[in-house]
């Protein structure tokens, strides 16, 4: 992916990312956990669970998108100033293969940080009997929001 | 949106759509129900629920994407022959406003049906204290699959 | 499409759109002209020309994207204040059919205007021996920029 | 980007790619040339030219998209069998920075080849006074077509 290195604007970025993640009830619903938080890079992992499946018993594409969008969103958020909130403006996902596996790793990375707009890329990997397979790629455009009522990080 | 009229290839399309929907465990997890199934048009509705929220208490963008992708997928599936399964190749979503409301309506419509590739558009509406608001638009590209092992409708 | 009505912030929006369009040398290269400029709605039309074709003699998808992106960009620009410039952050295009015809009409419309971010939708029609056919749909996200060096409308 | 290695199905893939490229009149119009053709990887380069510019004198985003879509399309085409033609189903582009420079390099790579559907990624670089800058990323979904009237490679 990017192989870019970024300097965080807020030294406490990891605390801020983890606190926001913990406020997302849906992350508990899908069993997701944060497994890496570095400047511009966030991993989210989750196990397969029957209640997240589509008609063939694989992880539903929407669950892949949910976790991958969050990985990208927090990758972008990690580079924002301490008083900013992050909004996803749009994302696009290509589903390369069925999300078949026991565990899933969502890797979100910043491609281009910006004062207002940040562009990120994500890759979803299924781990199926020990073998890792790329199952989806996602591109998300984020906006940093400061001082808007009702929007907190 | 499209204002197009399509003839279904399979007269039992609605039975087929409902049976497939019922096999998606994730639709029960998010509390979604099918409220319209017409040739090339499918509506999916769901109530707000705390376990689907992001950090501000609104419906998580991934939940909007999950339900909207399914509405588009089933809109396309409704026009496919009886022996076809449907796969989402890719989708793109623009998040226009926070998904704030008590109920949500996801409208999926076929723009261009095809033997192999079908293109669809979706609109997500939040119903907040009786007022309806467009909160997201989605475009999904679907593929009809016939006779592939492990892929059923 | 949208069936939305918008009030322009700048009464001279049409003059501003036309002046900016005239500064795009590439619009002359592809033979494009502005055929409608209303608040939130812009049409761009161009004739088929051999020098814009792909290997089958149809209009190249990139030419469709170029004209459609501009139609959407100017639709958004028409609603921005007089001192703003417009940038396309991203766009996504679905190519529904070969761009086969003698003329092409690109219709750009605003779906959601915003102070910073505006979302638009576009449709490309080929006119082939008098019959009009939808050949592409596009979604573009725009940003209004005020007071940035080197960026003018 | 991908760091994937692919085996071409047709040993003469490079001849086939170059012949198709030469039939695209629009590539001459924009001054593009093929500078790398490897299995699953294609580069297209072009110089800045006044007739391709937008209102600020930079390369128009549509020209970036045109060349980058072609780089991705030919990257996919290089892995297809000898009797297949390639169609772009859809693409999505993020414009990261103005396309300001004297030359531009468009890098297209296959992420996931497939019998019917192939997914690719592209990166556009501007070379401005000797310095290279990433100015756009693109994702394109391609379809291999065999035996359809009027569609040739």
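Letters A, B, C and D name the chains as they come in the text, with residue numbers starting at 1 for each one.
The definition used in the following text is that a contact is a pair of C-beta atoms (placed from the backbone, for glycine too) under 8 Å apart; a residue touches a chain by one contact, two chains touch by 3 or more.
Everything numeric here is computed off the predicted structure, so don't read it as measured data.
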item: Touching both subunit C and subunit D (chains); value: A, B
item: Chain separated most widely from subunit C, comparing mean CA positions; value: A
item: Centroid spacing, where centroids are CA-atom means, of subunit A and subunit B in whole angstrom; value: 23
item: Between subunit B and subunit C, centroid-to-centroid distance (C-alpha), Å; value: 28
item: Centre-to-centre distance between subunit D and subunit B (centres being mean Cα positions), rounded to whole Å; value: 32
item: Of all residues in subunit B, the ones touching two or more other chains; value: 89-90, 92, 94, 119, 141
item: Interfacial residue positions of subunit D with respect to subunit C in the complex; value: 20, 23-26, 28-29, 50-56, 60-63, 65-67, 69-70, 87-95, 98, 150-153
item: In the complex, subunit A residues that touch subunit D; value: 1, 92, 94, 96-97, 111-112, 119, 121, 134, 137, 139, 141
item: Residue ranges of subunit A in contact with subunit C within the complex; value: 89-90, 92, 116-117, 119, 141, 143
